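Naming follows writing order (A, B, C and D), and every chain is counted from residue 1.
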Amino acid sequence: MPDRGAAGSTRTSYARMQLGEPHEGWRRVIYEIAFESDTPAGRLFDKLLIIAILASVAVVIADSISALNQRWALAFEIAEWFFTILFTAEYLLRLSCLRRPARYAFSFFGIVDLLAIMPTYLALLFPATHALIDVRVLRLLRIFRIFKLTAYISEYQALLAALVASSRKIFVFISVVAMVVVVMGSLMYVIEGPEHGFTSIPVSIYWAVTTMTTVGYGDISPQSPLGQFITSLMMLVGWGTLAVPTGIVTTEIALHHRTGKGAAAIPGLDREGLRSCANCGEEAHSSRAQYCHQCGAELPQSE
Amino acid sequence: MPDRGAAGSTRTSYARMQLGEPHEGWRRVIYEIAFESDTPAGRLFDKLLIIAILASVAVVIADSISALNQRWALAFEIAEWFFTILFTAEYLLRLSCLRRPARYAFSFFGIVDLLAIMPTYLALLFPATHALIDVRVLRLLRIFRIFKLTAYISEYQALLAALVASSRKIFVFISVVAMVVVVMGSLMYVIEGPEHGFTSIPVSIYWAVTTMTTVGYGDISPQSPLGQFITSLMMLVGWGTLAVPTGIVTTEIALHHRTGKGAAAIPGLDREGLRSCANCGEEAHSSRAQYCHQCGAELPQSE
Amino acid sequence: MPDRGAAGSTRTSYARMQLGEPHEGWRRVIYEIAFESDTPAGRLFDKLLIIAILASVAVVIADSISALNQRWALAFEIAEWFFTILFTAEYLLRLSCLRRPARYAFSFFGIVDLLAIMPTYLALLFPATHALIDVRVLRLLRIFRIFKLTAYISEYQALLAALVASSRKIFVFISVVAMVVVVMGSLMYVIEGPEHGFTSIPVSIYWAVTTMTTVGYGDISPQSPLGQFITSLMMLVGWGTLAVPTGIVTTEIALHHRTGKGAAAIPGLDREGLRSCANCGEEAHSSRAQYCHQCGAELPQSE
Amino acid sequence: MPDRGAAGSTRTSYARMQLGEPHEGWRRVIYEIAFESDTPAGRLFDKLLIIAILASVAVVIADSISALNQRWALAFEIAEWFFTILFTAEYLLRLSCLRRPARYAFSFFGIVDLLAIMPTYLALLFPATHALIDVRVLRLLRIFRIFKLTAYISEYQALLAALVASSRKIFVFISVVAMVVVVMGSLMYVIEGPEHGFTSIPVSIYWAVTTMTTVGYGDISPQSPLGQFITSLMMLVGWGTLAVPTGIVTTEIALHHRTGKGAAAIPGLDREGLRSCANCGEEAHSSRAQYCHQCGAELPQSE
């Protein structure tokens, strides 16, 4: 990977991009800090952001514990407003430095960024929505954006690649299981009935999912001999069958190992692909991409 | 796969079949719509059928929720009779267009089709059987017939092939587990006894299955020190052993990957095999089959 | 496999064995029926024995259900004595036809055979031991002897071979897990204490096994925040680690597939090895064995 | 492996080591007994130590059972002091024979050795700390030191090697699961709320871990229809995803098998590596190491 952090190579690699980019000056500086992660300033920004996210999530979690909530109510509220204003400023800066901010606002991370700050304002304006204030914990999703920083990037991508490669089979498997679960749940509703906790077919389906995935809460369990017999068969056969997704994922991981490509097994999902679009902020580009797959702007190229 | 949907090739491929087929005219048209899925009309019919099945199942499920049942009782009954009459008409049409309808009536999908409509009539004639009316949810099984339509057919068949290839080993494994479970259940019945919830050997066997498959409801659990010790050993050893079905299925899936054939790993269970018999409606034929394996009628051939 | 069922080849293959065998006449006939499974009479005997075992186990199980027990008490007692006398006769016949019956009496199947009949007599002589009468269900273990009859013999042996090949690794894994479980159980006993259900270290260890194997009854569960935090870590890390036995068994099964030997992966544990010793009745001999590994008597050889 | 237990070869292999070692006479003898396991005296010492550890742990466990505690209180106290004095003497001897005992005292096994004896003294001096006395069970960890003695060393190291090789991927997987669990736990806290047992976000996260790992205690379970629906999705998707660590470990184990190196798959973690440093007692050295990786002292070399 070429060291685009060095001034010279950066200038070369951004040459083409600059042609299509209107913003210069402070907006350019903000863009490089907020969206790029291969400059020293961008790296520092990302690290501070992780700390702020984790701290704000810790405040939300601590706030939900009634013992802590009663004693430190004011401190939590101050911390909450501090983080809300901080993330609001960051959100506005991100919007300001892009040529088409609307693109960013409606992208996945744009919506997550908005969800991270909206609840606090909403709870202030409409007290009735206070119950939703814990949606703030979705801030945690913002960390995934910065995951690319870590030293574990290749393992992360190898896992993701194995999951993506298995996703169609896993989808088929889960859809078949979903049908089996609906049929078995309804059957148990007929056999056990509301007096044994199977109060409706949806509840029975919930029970069947709990059983087939071997979670087994036990809040609902069969009481009649016939129900227990059918449940036993269901557990034995279902259990044997549920080895399938494990087999699928194992095979995919083994194949990635054998091809020796690891993270690059999904074409283009490698380190080179971690470029941001200067137009809309989209980040997950293929290494062979020349244009942003979200807004069509030309991408910075590595030489 | 030859495009048998086009008029010309269809005529050629059905040439031989027509020799052995008595029905012409409207019956032929119905047959092609109801049983074939590679003509535009057949595809449309299948899609409408999926919608009708899912809608009727949704009505059955919603009807079981007492809150909804009390408010919308009449609407549910009307919807129920609408779907029952619809499926009855479809069932009669399917029977009418086949040369030997009895063959179809006693095949797997024929019985499922009948089970989908019988409960409503039975509940009308014999009110005492009303408890069984939720058997209607078996309508969901009818969707499996149309599964071949989807874009996921090759994944579906690869999974099926891996399961079929593993089925003998899984059967042996489950039969050994079944014996272990009977012995361990009886042992725990002796150790714990009825006062700790192990009221009979069948209940103890149900408990043992719950434990060996790691579901663990907790509705019954050992209370005596000896019982807890034996359960701990049973969980540890059993847990280690239960890795076996996973290993079996994983190996089969890996083998299918290696041979690079995927769906075709079961000889003939490929797209070509998705032909219906014009005589009895049976559908799962091998690609090399020339005659229906259920009734012996000649099959349509792909050139 | 040579057809030793045919008279001619049988005579040849048993030639050497007869030299070292004292019993002739009726004892020889009984031996061939009771211990050999490759003669028509032996096969029939095995099939009748399976039916008798299953029927007697069904009686034991049905007898444990109080509703059935109260209504059919006499019928169950008659059936019980019928099976006990039948199995006693079989046991005595087995002993009578062997040259060294003591060897058989102390072998695994000899002890199982004795356990199958003792409880009924003991309950008659010492009414206090009636609680142990359900030990009769161990009769089920006798079926394993006849498992070699089935068409699934090669799958059974392939599974067994994979387990045997993995057994050392699984033993090491379980011993490490056992130590972890003792340490974690004691830790939780200190943290949660008797007031939350962790009444002693053995009970806490039982809880830890329940958790590590993902069974999770819920009869005991952590209540304190620290206990729940440690349990969460334990579940996540332990869960990730417990993938190990699955990996071990999967690898062994895959290796057996690759070598293409299946059942023969354990040297000698193949169909040829299913010969009985005419001296002590031991059955699991290697195909290369010339002498019984239990009593040293010469074995019948396949030519 | 050269037989360093024989006097001649031992002298040769320790030649270089002696140059850097101050202690001779009785200290040298103690060192060889306490730290080396390839001399007859060292092997005997290790075996006696295992027995003492297991016996002392058995006393701790038995002491926690109130029925036994009340009856045998005095016997348990005597046994406890016997083992405490024994382990104290051993600890002091270990310290005395090393050139730099502080290095050993702060190493992993040094701290474990100290934890094994401290609680008894602390409970005597500060009765308030009596609750922590069961920390003594950590003595069990001392057994890992002697694990190298067993015949299962290669299986143990193969498993360890597979885990170490998978550790980065497993860490990434668990960190992603940890984030998902925090988000899902918070979501369920909002949906279900304290009235259904989700009293705070940490408790909800604990519930989410319990669900994702399929443990499923059932002490907390969703009650509202929406909560049960989201839980069902969470179980199905999460369950499919959790096949990942199994796949990772399986692939690593299969790779070790294929390379045919087993225990040597981690460079240097083989039998040769089981040398102790005469300076600080550290034991897990690479086979290629010439100097202790903890204190820098020269290591005994195998010729």
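One rule holds in what follows: contacts are C-beta pairs under 8 Å (C-beta built on N, C-alpha and C of every residue); 3 or more make two chains touch, one makes a residue touch a chain.
What you see is a predicted model, and the numbers here were worked out from it, not measured in a lab.
> What is the size of the turn, to the nearest 5°, that moves the C-alpha atoms of chain C onto the matching ones in chain D?
90
> Over half shared numbers or under half: where do the identical copies chain A and chain B land at their interface, same or different?
different
> Quick one: report the Å distance separating chain B from chain C, using the average Cα coordinate of each chain.
34
> Indicate the residues of chain C shared as contacts by at least two other chains.
173, 202, 205, 214-218, 246, 248, 250-251, 254
> Where on chain D is chain C touching in the complex?
It is residues 57, 60-61, 64-66, 131-132, 134-135, 137-138, 140-141, 143-144, 152, 155-156, 158-159, 162-163, 170, 173-174, 177-178, 202-203, 205-206, 209-210, 213-219, 242, 245-246, 248-254, 257 of chain D that touch chain C.
> Going by the contact rule set out above, which residues of chain A touch chain B in the complex?
Those in contact with chain B are residues 168-169, 171-173, 176, 179, 182-183, 186-187, 189-190, 194, 199-202, 205, 211, 214-218, 221, 225, 228-229, 231-232, 235-237, 239-241, 243-244, 246-248, 250-251, 254-255.
> Which residues of chain A touch chain C in their complex?
214-218, 246, 250
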